[in-house]
Structures are given as C-alpha cells and as structure tokens.
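One chain, subunit A, links the two complexes that follow: it is found with subunit B in the first and with subunit C in the second.
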Partner chain A sequence: MKQIIRMTALALALLLLCAGCGRGSSAPTGAGTAPVGPSEPIVLHILENDTAKAEGYLDALIAAFNEAYAGKGIQAVDANMDEYTDLALNGPYGYGPDVLYQANDQLMKYAEDRHILPLAIEELDCYESTPEAAWDAFRLSVDGSVYFCGVPVNIQEPMLFYREDMMPENWQAEWDDDQNGTADFFENWCDLYAYSASIRESDPARYGFMASLNNLYLASPFMLSYGSYIFGEKDGAVDPSDVGFSAGNAVNGLSALRQFAALMNEGCIDDTITLNRYEKLADGSYFCTVSTPDTYSLFVGNLANHYMGEGMGEDEARARAEANLKMIELPAKMPADGDLSQDSAGAQWVDTVVMGGVNGYGISSYTKHREACMEFVDFATGYEMIQTRVEMLGIAPTRQDVAQVSGDTADMIFDSLASGRICLMPSVKAVDQIWTPTQTVMGDVAKDPFRAAQGEPQKYGTTEALQAALETIDKNVYDAIHTLAG
Partner chain B sequence: MKWKRFADFILTHAVLIVVCLIFFFPILWLVLASFSRTGSIYDLSGFFPKAFSLSGYQTLFTDTQMYDYPNWLKNTLFVAVLSSLLGTILVILTAYTISRFQFRTRKVLMKSTLVLSMFPSFMGMTAVYLLMVNFGLINQLWSLVLIYASGAPMGYLVQKGYFDSISSSVFEAARLDGASNFTIFRKIALPLSKPIIVYTALTQFAWPWSDFILPNLLLKNKDLWTVAVGLMHLDETQFTRFAAGSIFIAVPIVILYFCLSGFLVTGVTAGAAKE
Partner chain C sequence: MDLLFLRAARTRSAPVRASLCVMGLGQMMCRQWVKGLLYLAALGAFLAYLVIMGGADIAGFFTLGTHEADPWLGTAGDDSILMLLRGLLAFGIIIAVILLYRSNLRDILELDRNIKAGLTPPPFVKSLRSFFDRKFYVAALALPIAGVIVFNVVPIVFMILIAFTNYGGNNVPPALVDWVGLENFGRILALTEIKDTFFRILIWNVIWALSSTFLNYFGGLGLALLLNKKCVKGRRFWRMFPILAYAVPGFITLLAFKFLFSYGGPINYYLTQAGRNAVGFLDIDAGIKARLIGLGVNAWTSIPTSMLLATGILSNMREDLYEAASIDGASKWQQFLKITLPFVVFSTTPVLITNFIGNFNNFGVFYFLRGGLYMDGYFLASDTDLLINWLYNLSIDNNYYSIGAAVSLIIFIITSVISLSVYVRSNAYRKEDTFR
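Now for the complex of A and B:
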C-alpha cells in the first residue's frame, strides 16, 4: 500500500512539474508562432525602437493598424523585446519578432545572412515617394540580382545641439562676418574652434564644442570630409576589400581632430562626453555638442530639469527648454588643410561630410505570415503613420511627400544627402568591423594633447605618424573582415 | 603592558575603521546617487549629487511603461524563492546521502562532482540554451528554477561537512530503536541541521536573486525579465533609477537574513548524545 501511495505521489509530482514547464505563455513570441486556426487572427509581433515606445508612437501605430485590419484577421502586438534583440540568435528558434525596425546597417547585416526577407517594394504605398538614395540603403546584390530588404522610414545624421542663451551677446557683430544671420561658428569649423577657444580662455571650466572623438559616427566630419571613404565600390556594389579611411587627404581631418581635442577634456578620448552631454549642455558646461535627432527629447528633458532646479514650474521649464535648445546641422565647411586655428577669412574650404543612416522596417525570414507582415509594413510606412511619427518623434522622414510639409530638419537632411554631404553607412555585414579599429585609433589620436601633462611624449605630431595611424585603421578593418572573421 | 594593550586597541580599531570605510564608501555613494534629482551620473558635486529627491524611487515603481521594475521584482522573487526551496531540498538530500551512506559509487560521485564544480557555469551556456529551446523552456521562469535547483547539489560539500560533524552515535541510537532511514533523516538529522539548512536556503536564494547571465540568455520577453536583466537594459541616462533599483533589490535579502539569522547558531548538537 505504501509503495502504491509513494508511486502515486511521484507521478503527481512529475505531472505538476511537466505542467509548470509546458509551453503555455512561453510559446515562441514572434516569428515562430504556431499556425493559428481559421477563426483565430494572425498575430504579428512588432519590434520598434525604445524612443517610439516611450513616446507612445508604437501604441498609436498598433492601435491604428488593429482598427484598420480588424475585419481582415490580422492583429499587431508589441514584440516586447529589447530593441537590439539579436534576430540571428533568436529568430531561427522562433523567438524573434515578425517585423523589426532597425538602422540600415543592422538590417542589412541580417539580410546578408538571410535572416530577413527580400521585399516586393514596388507594391508599397511609399515606393514612389521615397528617394532612390534611401532605397539604396537596403539594396542587396546577390549573384547579379538586386533585392531590397528593408523599407525606409527616416534618415539620421549627427546634428549639433546648442543652447541659444549661451550664444555671445554680440554674435551678430563679432561672429557673423558675412552678415547672413547665422553665426560663423555654425557655418565653418575654424570659427567653431575659435569660439570654443574663447570660451575656454574666459572660463577654464566651460567648453565650446564637445564630442567623443573616438566615435566614428559622431566625429565623422574629421574622418570623411577629406576624400576618404569607408568601403569602395566594384561593379556597382560595395566592395569591403577596399577600405579607404586613409584615402585622399584624410590625414588633414585626423590632424583637425587632434587639434580640437586640445580644447576639450580627456572625456573626448572615450564615451564620457556621449554619456554626459545631456547634463553638461543643460548646466552650461558645454556650449554645443553632437548627437542624433532622436535624442532631442533627452536634451530638452535635462534642460527642463535644470530649470526646475532653479525653481521654475514644470510646464514653464519645459517650454523654456524647448525654446532655448536648438538642433542644427554640423558646420558645413572644414579647412582644406585641416588647420582649425587659421583665420576663417582667408581659409580654403572643403565640404563637411558626415556619416548617416536610414532606419526602416524589415520582415523576419522566420515569420509564418509574410503577406500579413507586408500589409503591416505598408500600413506603417503609409503617409498618415509617417506623418504621425514625425509629429510624435521629430524624425526626418524619407517619404518626400511628408518631408515637404514636416519642416526644416527633414529638408536640411535631404539636401545634404542629395549633395553628398551625408555618407550613408554601407549596407553590408562588413560594416560591423569598422567601429573598433577606428575607435582605437581616433581615441589614441585624441589623447595626444593630454600626453604631455602625463609626462608622455606625443605620438602624432607629424603628418607621417597620422597617415600611418589611418593606414593602421585600413589594415585592421581589412583583417577583421577578411582574416579574423574567416 | 597597559601601553602595549592600548596601542594594540588603537591599531586594531584604526585598521578596522579604514577597512569599513573602504567597503562602506561605494555603498554610501550608490545610496546617495539613488537620491539624485537629475537622474544623471554626471550631476555630481565632487563625489555626491548636487540636488536630492525621491524621484528615482518614485519613477522606479510608477513609471512602468518602459521599465517595469515591480514586475521584474515579482519575477525575481518567483525564481529565487522556488529555486531556494527546491535547491535546498536537493542539496540537503545529496549531502546527507553522501555523508551517511556507504555505497559502491560514493567515492566516484564525490570526485566527479568536485571536478565538475571547478568548471565555470557559463561554459555550458550554449548547450543550456539549445537544451531549453528543445524542451520549449525559453521564456519560462520555470526553466530558471529548474536549472538553478538542479545545479545546486554540485555544491553539497559544505553541507556534507556539517552532517559529518554530527555524532554517528545519535543515528545508531535511533537505528537501535527501530527508526527507518527516512525517519532518522526527518526526526534526527533535520532538527539538528537548522543552521546549515538556513545557510543553504540563503545561498540558494541569493544566487538566482542577483544572477544576470542565465536570465538574460533564456528570457526574451521584457515582461519576464528579472531585476538584474532589467537594470542592465536601462538607458544610459537612467542612472538614478539604476541606483535606486540596485539599492532596493538588497531589501529582501536583508529582511531574509534578519529573519533567519536566529537559526544560524552553532552548537545545536552539543549534549545531544552521551559519549
């Protein structure tokens, strides 16, 4: 009898354990969702970025889609995952999203490994109104055939953020030589350098332009404005075997980077300024800094907090912060010889080139509902939703019909893209390998002005040393792509 | 002589105070940072924030749209409590068996577990992930409980040492009175082992409570995240929230410690048997 009771108890315990571990709510959350019955709606798991979620755009998008498709048996839900969840890791096992929103380099990295689907873009509503340059960010060439693996939504480039109340009082007289109503230090890098130097002279605790100079994206003007490039082209496709950071007069840009570092603090060597820029701009320690348009709300929030700390009410602080914080493009002209200390009046210029990216939607290869995903992407990139996205998130849309009515930032970025002042991140997997080698060398060059204070000799005092550093980047990127990555 | 004792007293206390300050300062810094008004790690005047407020703690529990800390806390509690219960039972049973019973593979088992426990747990993460995928246990809090509990008996040596220290005459006396193995374990071994059971429960609770690698690997959905995973995913501008979350996560451990510390007494076995 005792044996029977024991065996029954054991069986019950095992049963309970199995019940606890059953699939239940843990069934694959996204692309691997089991087939649904005829009466059940198709559920699409949508992965958006955190900003869209925090500002309520994702909720608005999902609500609008679900309302529009209520009768068609398709339902969208938040994938509820980390915004940088790894589709390559989770997708094959059925735990990735069905539709994901990412930057072009990320989406195309997945595309090369077949983790996202090529799309019939001609069927989309946004096809005609999106410029070719934006589509090209999602173009994949395989064996002579061209595929498009993403649908552009918005375009990004590093922007200059500054506090208007920290402009010099007499800037129209002192800092607007051409009297065009724009301060010279927002038009060329020599005057930005000069104004930054004057701020340091008047108060050593305050700084002018501040940026993490080891960050290729944010400090791209120094790396890409002098004839250098990331990857070359071969037969109309990106050629990762041709790495061109040292091409042209790139050494002038690196020299300018080293020069500007001397006006910053040691935070420019690493990510310190990227992390503290919101707070330091708000408290007036920095006059201006560089960031992407999607961080605008963070700058405003920090500045509003600063005002509230001074005793201002929340609404008033917010309104004042929004009025005071300005976001513009980086100065358009760099000195041709890379010498920032020269008088801008007699300088020869080259156009500033910055690195940019196109964010868009991709569809997971592991989804079981391709057509429904396509319906969702078509809806999310339609005029109304992009218009809503612009209003809620302040993005620069790639849909030109929306850009025409959405304001200056989009126009500005489109003009720069058309004129070649934005170098889009190459849409190949190899782009993953450019960040570390450039970060290492740029950080080391930015450290040079601070070496003397530490009793170390400077490493990059000559053009030859800077050129060698650039060639080291090329070699390390090449090795990372072709040797180390197998 | 008095001089020597006084100098010894001063020196000992000076060293202790310095060591305490070294250990206490980072905690103090984190506590003060959790009260920073701006939320930024860079809003510091020297070491400490310029302005203080409770907003870090307030947003931790009220602003749950992006970072649902109460839910993370609930998930962590579920995993830690069940892992602690199951793990403690398994460890105590393993240790008691190895300590009290002689069987053919006993030595082999002991040596094997000793060698296996020397490998870091993260070595098997890829295998664990693939196993969990095949068992359909990804995105399941239960999967964590099973892994923590099933891995716990590998660390049975401390508990075995404790059972070894209990006089065998107590068990022999019970055996002479006709008690079965289970009765001896239940009525003799367990009451004498309260300190080691409490110690085991605390350690089995603390590990899942603060682990990051395993939950990060197995839990894909944000609403299943544990506190450690959630805090690691906070935005770079949310330092005050991170600090407040880190401070608050210590609260259950401290409460548990104070509740159970009464059981952590030694000498329970003293006088239990007449030699």
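Now for the complex of A and C:
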C-alpha cells in the first residue's frame, strides 16, 4: 500500500511538472499594429501588376518611395507574388501583400469580406483631382454606411486599333458624310459594318472589324448599349439578385452581334481573334480590331516586325509603326433597332456603352502597418508618380490634373465615363460569375451565321430565340451566384 | 472497453490495477523505471495538452467557432476551418493515447505474469531490443504509416467533414462555418437542376472511364505487340516516339491539341484552304465530336504508359508456350486470346483499376480542351465535363466548397466500390499463385 501511495505521489508530481511546462497563448488571427523597434524599418510588401513590373515602373516607384521615406523608417519592397494572388486565402494567415494594385472588381471582391481596409480618402493628395465616378468604383455600402476601399489610378475600356494606311484613299469623299474630318466608320457601327462588308467583297481573305465576339469585355457594345445592365441597384448598392443582361432592348444588341459575325470568320466564336489580332492587324488581314489600351505596345511591336520583314531598319520600322497605328474609342453610335445593314443617313441611334474598369490601390486588412501603407498609397497616387506611370505604361490616369497634360486618350475615356458611355464592372465578388454564362451564349449566337453556311439550322433566327438566349444568361448568372449560396 | 481492459480489471494485482488507473505506474512498481516513466510522461503530456488546448480544440470541433473576426477593426475571431483541423488533430491524439494505454495494459499484464512465474523482468534496453526483434515490421512500417495518415488519411477525413458543413459561398473565413448534417447531399439530390446535371455527368463519366481505359489499355498493348515483332525494323527507333509523347508535359499536349482543333488552328486552316467549311470541333455544338476528340487526345497521352508496361510484361513471356500452341495448330489470334491476353491482363489488373480510377477522375483533358462552357440543361457544367470538372466548377470557380466536397465523397464511394468489386473478382486476386 505504501508503495502505491509513494508511486502515486511521484506520478502526480510528474504530471504537475508536465502540465506546468507553459500555457501557450494563441496568437490572434486579426491584424494589429506590431511594435517596431527604432532601428527596425517598417517593410511594406507591394503587389503590382505584371506589366508594371516588366516595364520597370514598380522598381521606379519603390526607389522613389524609399528615397523619400528613408528618414521615416518605412521601406517598400516588391511582394514578389502572382499578380492575382488570393488575399482572402492567404491574408488571414499572415501571407499576402500589404498594398495591392488591382482592377476594381478584383479589389472590391475582397472588400465585401473585409479583406481590404476602408480608407480615409479625403486625406489623400489625389482626392480632389479624381472624379467621383472613379471613386464610386471602390465604394462599398455596409449597413447604410458608405466606405471607400480603394484609390483609383487609371481607367480602362476596350479601344479600337487600326492601321491608318489601310483607310480608303477617298475616305474624306466617300466615308465622311458630315465632313467633320473623322471617317463615319469610326463614328457609327452601321458604317463600320458597311466598310467591313466592302473590304470582304473586294478581297475575301481580308476583313474589316474583327473581334472575339464571345468575350463580354471586348464585345460589350453589343451587350450593354440597349438598356441592359449587369446587376441592378437596391438602396444605393449593387444588387446581384437583379441580373439584367436581357433588360431593355438588349435583344437588338445581340442581333447586331449575330449580324456582324457574318462578316468575320469562325475565329470570332472563340478566342482565336484575341490571340492573333496583333499579327493579323500588322499583316493587313484585319483593318481594325478591339483591345485594351495597355496592349498598344504589342500592336506597335508586331507592326514594326512586319515592316522589318519587308526590309526596313529597326528604328525606321518602329517610328513608322508608331505613326501608322492608331488607337481610338469604339464608334459612339449604334443603330437603335440593332440593324447594322441600314443606311446610316436615316438611322436612329443609341449611344454605344462599353464595359470598363478602374484599377487602383487597396490596403490589406492584415497588414501590421496601416498608417505606413496609407503613406505609400498617397505617394503612389501623387501627381509625380501617376505622371511617371503614364509615361512608362501609357495608361489613362484617373487624376484629372495628370490627364489634362497626358494626351487625348485619357480625355476621351474621361468624357465617356462622365457621359455614362462606360459601364464600370460592378464592384462585387458576384461579378466573377458573369463571364462563363455570357461567353457561352455570345459564342453560340456568333456561330449562327456559320451554321447556315454548313447547312445546319440556325438557332437564333428570331427575336424570341435571341431574347431567350439573353434570359438564359440571366438565369445562369443568377444560379451561379444564388442557387447554392445557402 | 475491450477484453484487455476487463482482463486487467479482474486481475488482483496491485501493479496491474495501478497501471489501469495511471499509465506507467504499475511498471514503476515493478521497478521498470524507464518504461514506467515514459508511459507516465506520455500521460502527463496528454493531460497537459488537454488542459492547454486539447479541450478547447475538441469543443471548437463541435461549435466551429462562436466569435467572428473583424479584419477592419483588427479584432481576432474564430477560424472555423482551422478549428475543424485542430479538432481533427485532437481526436487523432486521443486515439493515439488510447492505443498507448492499451499497450500499457498489455505490457503490465505480461510483466505481472512473468513475475508470478518467477522470471526477472528484462531491463528497458533489452526489452526494447527484444521488441524490435519480435516485431520488426511494426518499427519498419511506423514511419510510412505516419506519412500515410498525415498526407492521405487526414486530407480525406477533412474533405469528408467539409461535406457536412456550409463552408463556401458567403461562408468563408472570417465568416463562421457551421455543421449542416446531410444538407449538401440533400441539395444534390433535391434541387432538380443539380440532380439532373449530376446524373447526366455521372452516366457520361462512367462511359468515358470505361471506354478510355479500354482504348488506352488495348492501344498500348497493340503497340507493344507490334513493336515486339521481330519483322519490324528499327523497333527501338519507333519506340522512341510514344516515349517522346509521354515525356511532353500533359497540359502542354492538351493545349497544343486545343489549338490544333480550334477555328484558328491548322486543321481548320487546311479545311478552309481546300474550300470546305471550318468545323467547330470543340465549340458549343461539337457534341459527340468533342467527346471523341477527348478520347483520342487522352489516348495520345496515356497509350505510351500502357505500351511501356506491356512491353515489360511481354519480355517475360515464355516462347515455348507459343511453340507448343503452334504445333497444336493454334492460329495467331487464338495464341493472343489464350496465351498473351490472360498473361498480360493477369499481371496488370491492379494497374487497369488505377487507370480506370485515373480516367474517371481525369480533370485535365476537358478542362484544357473545352473549359469555359455552361450548356443548357447543365448546372454550371458542359456536356463534356466529368464529375471532377463539375466539382472544380462548383468548388473553385464558384466557391461552393462544401457541395464540391459532397460530390467528391460520392465520386470516392463510386470509384471505391467499382475498383474493389472488380479487383476481388479478378484472377489477379483470386488466383494469385497461378502464373508464378
């Protein structure tokens, strides 16, 4: 018995010793402000897009910031992550950038779940010079309160790229009815259609306007110009339960898309034209195509290569390519009834509406240095850095003071934004669900003219069929967002 | 508690009863100090773990959190998914301690028996050596089994558990996740669109898995037999080509085929140059064309593996069997059916089953060839999607992780049932010694 008591005492002593080895405290998962020693600089991890990195803008930005803040103990470094790194997955566990540059739809999907911070935008240098429409891209309504979770840097929309030397020689006489110095086919879609048809008639191997018609962003004029919308609004906030691709006279736009597809080739059904547009524009197969402003250098590069292939020197080829390649907005007028084949002289018009986006900076909610991040964003959206960005990357800045001196493109895009001709991508995470349903239906409708050529029955020969297709988009988008949402 | 516990409880021995109450105590009473202390330390560590975090982890497993974090305010909260994992770990530790407790009982009963028989218990090092000697397989397999548990069992159990939660959609951290029981399975079977899509894809998935396994297997065997023929000149040279196809990364091959069959690809280029209309091999109207192209492309990437396997097996064939068959008047086809095929099938049945499961879950082929289509009559899927592609659409593209987990659990059950039932009926299992 004594032995049992002695052993039990020994066991208890050991247990207490083990149990007392340290009561671990669990680290909080939320962000706090980490104490930083006086000799230890605050290091901010900056995530920029690949183009900014490739063109050296991120290096220039970091160098300028580090020089300016050398005495304040703040240092910026490249986050060295994929440009679409998932902050929602990585941020809560201490990974991910402190500051990130993304398009408004990407940035704001994080804002909904509070992965990026609401910002005191009034304190920023760019606040006054940035238009309200650009700030709205980063607006978030929560329980009746309005927050801004991003700082606009530049705006994007699909643009028309063409070779000036492929304009018809007599365009001023034949294609400028209003004699305003701009060819009619750059002003309205009926004349662009007519000119594309004339090119096909003169040479079946050449095309006029070419685009991947299954791409909602690039072919957005056909989807958004007739009173349709992506998501509705409720109480001043985006309402993803109201999907509106079939709203208004949207069917006229889809009919126009189907009509224009007949002047293209089957490449418009998938992403073939998106992939070959640089090369085909350069070799003259396409008269014009659609792309975003940040691809301008790719078009110029391909055209320069084409000239070099003809025996021209590199510098001369580059200079000629830059002079010959033009980037303008898509034609501003679409026929109200969606019939592109009508004479433009008697046509009724609606404004062309394209899809656009605002890129900007956001601050991760999981950063340990919120104030330092705000300093960085203020610096990066300051006049000088935005001007540098314009010079190095050719962007259209949202800062109006920079836009006024940076050229026509920014002015054009600004005017369109102000007049409602740019429909900004909704700043909600539900926007992720719009792409595949629209791609499927737009590709299917674009295929219709080619079905006839193959002796197959056409699927979208009636207005009812086109309307049903649009309603299918609405339904699929709604289902993707809500059916399983719980 | 089991028989071991009852046996120990019925034993009227102080050390046994001591170890029954406190692990290792009886061993120390029998002057087995090291062993006793190790058991006791394990018990101490376990109790300390329970007090410090284990208890909270087990409770958290059931609640999956009660306090939501607010990243804007920087306030910490519960991370449901982490709590699920930590709860899983806590149960794993409890199971490990129960096993250790059983070994403690087994050890003290044996010790007590030996002492009563007048034997002196061996010192710790000697008993350790004896254990390794008697049960070498336990020591040798301990590490691999631990690896299997950590890298295979835990993720599978985690996935199974996710199927019973509402993780996904709007319920992702920092929002809290809850247990929902069988609700996800109910949704798959109750929501008309999802149910219809599930069964449509399942039927196609089974047809795909059977036909692609058949095609790849016999394609590889046929190629191996052809390149085994002595009359074929430059056999090594010809064997190089399938191996080259095998060496190219799969997704590169798939993207190349996608380009090949696209409207801008070379096949349509030559068709249009020849005055024919371009063909939408992979577009929305492709239907059976896209499925056949998928089978062909999968055969291109998989036949080399089957060919290499069959080549190795055919090199072990006994020539005298064919000589005897020829003398008996068997034709080449009869020789193939009666000698070659049974031998090859017998040796490769397990591989055939893994090929079937691999094809059933073949994600890459249709993801790369024909991703990005939602067809009429399908819920977030197209007519060529397999269950694994649908699972991806649901769980990754649309963040419905719990529904995705429920679908993957169903896939797991289907493939397990098919593969196990095929395997236990196969000659490879029933007549293991036949061809030795």
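Everything that follows uses one rule, which is that the second predicted complex is superposed on the first by the 445 of 486 C-alpha atoms of A that agree within 3 Å, B and C clash if a C-alpha of one lies under 4 Å from a C-alpha of the other, contacts with A are read in each partner's own complex, and residues count from 1 in each chain.
In this section, contacts are C-beta pairs under 8 Å (C-beta built on N, C-alpha and C of every residue); 3 or more make two chains touch, one makes a residue touch a chain.
If you're wondering where the values come from, they're calculated on a predicted model, not measured in any experiment.
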Which superposed partner A:Pro335 touches (first subunit B, second subunit C, both, neither): neither
Partner chain(s) touched by A:Asp82 [first = subunit B, second = subunit C, both, neither]: first
Touching partner for A:Gly360 - first (subunit B), second (subunit C), both, neither: neither
Superposed model, subunit A: greater residue contact from subunit B or subunit C: C
First, second, both or neither for A:Asn476, with subunit B first and subunit C second: second
Touching partner for A:Asp50 - first (subunit B), second (subunit C), both, neither: first
Touched partner set for A:Gly150, first subunit B, second subunit C, both or neither: neither
Partner chain(s) touched by A:Asn276 [first = subunit B, second = subunit C, both, neither]: both
Subunit B versus subunit C as contact partner of A:Asp444, first or second or both or neither: second
Which superposed partner A:Pro158 touches (first subunit B, second subunit C, both, neither): neither
Those residues of subunit A which subunit B touches in one complex and subunit C touches in the other: 21, 23-24, 26, 28-29, 275-276
Subunit B to subunit A touching residues, read off their complex: 37-43, 51, 65-66, 133, 135-140, 142-143, 146, 220-223, 233, 235-237
Residues of subunit A that touch subunit B when the two form their complex: 20-29, 50, 53-54, 80-82, 85, 90, 93, 95, 275-276, 278-280, 283, 298, 302, 305-306, 309
Contacting residues of subunit C [partner subunit A, same complex]: 14, 18, 22, 24-25, 28-29, 37, 40-41, 43-45, 47-48, 51-53, 69-77, 79, 166, 168-175, 187, 191, 193-194, 262-264, 268, 277-278, 280, 283-285, 372-376, 379-380, 394, 397-398, 400, 403
Contacting residues of subunit A [partner subunit C, same complex]: 3-4, 7-8, 10-11, 14-15, 17-19, 21, 23-24, 26, 28-33, 88, 91-92, 113-115, 117-118, 265-267, 269-270, 272-273, 275-276, 365-366, 432-433, 436-437, 439-440, 443-444, 447, 450-451, 453-454, 456, 472, 476, 479-480, 483-486
